Amino acid sequence: MDVLAKFLQQLINGIHVGSIYALIALGYTMVYGIIKLINFAHGDIIMMGAYFTFVCIVTFNLPIGVALITPVILCLLSGILIERVAYKPLRNSPRLSALITAIGVSFLLENVFFKKFGQNPIPFPQIINPSPISLGPLQISRITFITVLISVLLMILLDLFIKKTKPGKAMRAVSEDPGAAQLMGINVNSTISLTFATGSALGAVGGILYSIAYPLIDPFMGVMPGLKAFVAAVLGGIGIIPGAMLGGFIMGIAESLTKGYISSQLADAVVFGILIVVLSLKPSGLLGKNVKEKV
Amino acid sequence: MALLETKDLGIAFGGLRAVGDFNIKIDEKELVGLIGPNGAGKTTVFNLLTGVYLPTEGAIYFNGENIVGKKPFEIVEKGITRTFQNIRLFKDLSVLENVKIAFHHKMKYSIAAGIFRLNAYWKEEKEIEEKAMELLKLFDMQDAAYTTAKNLPYGQQRKLEIARALAADPKLLLLDEPAAGMNPQETKELMETIHFIRDKFKIAILLIEHDMSLVMGICERIIVIDYGMIIATGTPEEIKRNKKVIGAYLGE
Amino acid sequence: MRRLRKLMSLTLTGVLLAGALAGCGQKDSGSADSDVIKIGGIAPLTGNVAVYGVAASNGAKLAIEEINASGGILGKKIEYIEYDDKGDTTEAVNAYKKLVNNNKVNAIIGAVTSKPTLAITPLAAKEGIPMITPTATALDVTAAGTNIFRTCFIDPYQGEIMAKFALENLNASKAAVLYNTADDYSLGVAEAFKNYFEANGGTVVSYEGYGADEKDYKAILTNVKTQNPDVLFLPDYYNTVGLIAQQVKEVGINATLLGADGWDGVLTVAPEAVEGGYFCNHYSTDDTAEEVQNFIKKYKETYNEDPVSFAALGYDTVKILAAAIEKAGTTDYDAVVKALAETNITSVTGTITYDENRNPVKDVAIIKIENGQNRLYTKVNPQ
Amino acid sequence: MNSRLKANIINTTSIILIYIILVLLIRIGFINNYYEGILIEMGINIILAVSLNLATGYLGQLTLGHAGFMAIGAYTAAILSARMNLPDLPLLLVSIVLGGLLAAFFAFLMAIPVFRLRGDYLAILTLGFGEIIRVIILNMKITGGGKGLSGILPLTSFSTVYFITVITVTIFYTLINSRHGRAIISIREDEIAAEAVGISTKYYKTFAFTLAAFFAGVAGGLFAHHTLVLDPKDFNFIRSIEILIIVVLGGMGNLTGSVLAAIIITILPRLLMGFADWNMIIYSVLLIAMMLFKPGGLLEKREFSLNGLLSGKKKSQGNTPVKNEGSE
């Protein structure tokens, strides 16, 4: 394997994990855009998506199509429920209280699944054959192919949804100015629910893809990818949808290249280092607009 | 020597020149109005004078010293303080605390003296407590000293902001639309207050105002700007008759 | 609604405060009760490494039931009091203090993983209480005091055994090693493997560390692949090994996989990915020795699952301790410690005696994974 | 002058009285080693919470990297105490102060990039710094890397923690009630207005951030000489969040609240231990319920004052007749 092939291989590894980060980051960024809340529980939606899939396939033996759609719907409903029960009552409270509530929800979900499924990490069923396909000197796993394909497809769909459909436009309006949106006849509450639903559904897909790539699921599995996806969202400019995608891919690639060329243990430091450098140069992220406070 | 003098002051945001060729002089104890249509750049001028924005051209001389590039808090120390168009109080603090904070740069005791409560701490704290109460008395707000600022009625909030700006001991006070949102009665009281402040504290005042009765009623001199440029200066009488000014306001 | 809110919040504050006060005032429940012999257990029953803690704990409990069923030791029943350390050092220290101060135990079994064990050894050394860790393999564990023993073999030993095995039995000349930098077990075994392998003519072509929370090893494995190693040594716990093994297949590496005792259980995670691999262990379920088969039978009856080596070590630890107390004829700390040092018993994990560092001297089983089963490949004698 | 003296006497006496009672209880064995350990952890959590409260509650900057400073303090103190030859108490004091200073030094360096940002960007940047500190410690030789640092001398005792906690809380209390404290609070209230009345926001932000880091470092040093083994994963962002939970639970900008919440949060998990594997579920439900019903924290704005309690006088600060709900 020559130097270039190895580099491309590492790049592909990075795009694989990056596309998952991007999917998860979308959930963070959409929710942040609309209610300015760092939804800490979003990482646990990933975990829930993985467990629901596990239950559908292993416990209930559902056909694969149903077994993959059901978790997405369940997560979507959970997302709406979480917002209604835990976040909505705090919409006018200090923002930090809502943040702590989100952390509380995150702890709760983790521990409910911990109680239900026990301490052992569970092996996730093999849905896609992991053996690689050779492309010249490169060997690309089928998992990588499918993951990237699904992620990109979903991102395109999301983009169309937000730009072309009425509910999508309502989402943009509410995140711009909830008060004005309400005056324009937009139902702010249902738009917020819709945002949570969309974000959670994407998170669930991210969770499933993540579990296929790293087939061992445990109740705390959402914490790290959640954190990294959130960093990706901030990197791209939080609240900005293309920013989340860009951030996700940058994170994935940076991680993979660091592991491949520098040191595996330094990957997290490099990722956060990039975040610090980017924020120092562009305080509101790569695609963020630098809004000055009006005096 | 004038208290404040600007030389070809200007600022451009991106390619847009918000203020340019801005030359004014304000003498000690002078009461000057700055008027102009919406978006003419009045608040931008305040932001330039107080160091919130860094000018892209020109110089600002205060007491003969060029203060361009100084931080807002350093400019306060030099003697320029201000109020804001959209009232910026320390909302969750009491009225008294709002005023006390403005005495900050006049106080000397160190962090250590504060932590260990040395004599300097007790002495100065007692002093400013008294001074702050005195100031509140002048504004007839002593009864509200322990009220949380955000719970004050609107007119009182404006007054508190002025009191706070005065506590910082300015030589030049900049008031940004002090009468905004006030009814005619309150505006009238405010006019009296402004006059009173100038006489009592012997300071110069530059104010932005839309309420013409107030501006014409108390200002000794008026500066009119439009599109970031000075189009006229003069006494209220002169300004009233100035064709350019009328044009600017009526939109030609 | 407002009233209700206020009421709720008041109640809540009240409950929290009352709880806080109650916590301070809680009384000692333990007193020196001479009718029973109290053994304290410290193990991660929840948390990341709970699998091992629960297994070791189950093994220990099984041994205690057996002993109590046959009349106890010194005519007294054993009371086993166990606290969860969650795999956390602070929790382990708390658990230790609680056992010694509140429950007044006569001896300590624990902890299960190395770091929490290292956290309590200075305390145990100070008090001289007999302490045996069933499974903490880090070299330093027994160094803190002459009252601290262990049942498992130590990290460096496993690394050397596997390096020797790779060189001699598999004729390997190029080895790659992946290890967890945040885990002293993994690090210790990896280091020993590398040193032995290189000192005896082999080349370690790739020696790469990864972090504890790592899940994506493809980048490292892509590098490993370019080196074409004969064997890939993965000294980590089986969950991680399973993840790495699958990614080894994804990347397309054909080296033989090797591991250490942390592999025990890997078949539940990724049986296909580790097929054909070898690892060393404390015992093998294939072992025909009577003690072993008896233990396996009873364990299955009680817990309805196959015992992993941690369970066997937990079981043996109790046996060692019980034998020592019996021999000492008292629960006096010093007497029991002295008896422990002279241990010589044959149990599930072999015939155990202690060396001068209070580490066991016993056989090592090398296990091959064949057709999704663990098969005893060979037994290696320490000498 | 008289009332000042009286207040001092009341406070000092009660602090010493509580100390004597606790020490007596420890001596007679009513509070045994285990409970003493909990008291020590309480003290450490109080120091962490009040220091974070300065940065987040009073200065108003959400920081998620407090555990990073704690880690610097913990490792520095542990490494130093093992290499210096001093009697126990001075050894502990010197090493934790040096640990705190190093933490403060790093905070000082970080302040420049950190305070270019605002709000959640600032929060996430501090989180990033915290994680970087952890990863660096993980990759260093002298810290023992991932293996952790063991063999730390057991120097932390109940008495040292008690007095250091009292001193810390007192320092924060007097600081907050001085002109410097008011300057810090004014930044939380309105940064632009603070500058406009002559407060150097950059100076006070850096100062508050650095001071908070210093005390986080001190708490880390006490923690190191209490647990005796350090592991980088003890200082991950979850730890920072735990400290933040204490601060928010107690009420932002409320020292009494931080102290009270630190005590509760230290004890709560141990009380819930009786519920076995339900404990964390109950803990999270309590946390959510707490925030839903008391979003302003346990005590909201009320500060507890012993003098006030004894003389029956009520402090008139923060009397808010109308609660202004809704956004600003």
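When the chains are written out, they are named A, B, C and D in that same order, and each has its own residue count from 1.
One rule holds in what follows: a residue touches a chain if its C-beta (ideal position, glycine included) is under 8 Å from a C-beta of that chain, and two chains touch if they have at least 3 such contacts.
Predicted model, so just to flag it, every value in this text is computed and none were measured.
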When you take the mean of every protein CA atom shown, which chain's own CA mean is nearest to it? D
Rounded Å distance between subunit A and subunit D, as computed from the means of their C-alpha atoms: 32
Separation of mean Cα positions, subunit D and subunit C [Å, integer]: 36
Chain-centre distance (mean CA atoms) for subunit B and subunit C, in whole Å, is 72
Using Cα averages as centroids, what's the distance between subunit A and subunit B in whole Å? 48
Pull out every residue in subunit A that's touching 2 or more other chains. 114, 263, 265, 268, 295
Which residues belonging to subunit B are in contact with no fewer than two other chains? 52, 84
Could you list the positions in subunit D whose residues touch two or more of the other chains? 135, 138-139, 192, 277
How do the chains pair up in terms of touching? List each pair. A-B, A-C, A-D, B-D, C-D
Residues of subunit C defined as touching subunit A within the complex: 45-47, 50-51, 54, 181, 208-211, 213-216, 218-220, 222-223, 225-226, 239, 242-243, 246-247, 249-252, 268-270
Subunit D contact footprint on subunit A (complex, rising order): 32, 36, 38, 86, 89-90, 92-94, 96-101, 103-105, 107-108, 110-112, 114-115, 223, 227, 230-231, 234, 238, 263, 265-266, 268-269, 272-273, 275-276, 279-280, 283-285, 293, 295
Could you list, by residue number, the parts of subunit B that touch subunit D in their complex? 50, 52, 71-74, 76-77, 81-82, 84, 88-94, 97, 100-105, 107, 109, 111, 113-117, 121-122, 124-125, 128, 146-148, 150-151, 164-165, 167-168
So, in the complex, the side of subunit A touching subunit C is made of residues 1, 6, 9-10, 13-14, 16-17, 114, 119-121, 123, 130-132, 139, 141, 143, 213-216, 224, 255-260, 263-265, 267-268
So in the complex, the part of subunit D that touches subunit C is made up of which residues? 32-35, 37-38, 41, 135, 138-139, 145-148, 150-151, 154, 227-229, 231-234, 263-264, 267-268, 270-271, 273, 277, 286, 289-290, 293-294, 298
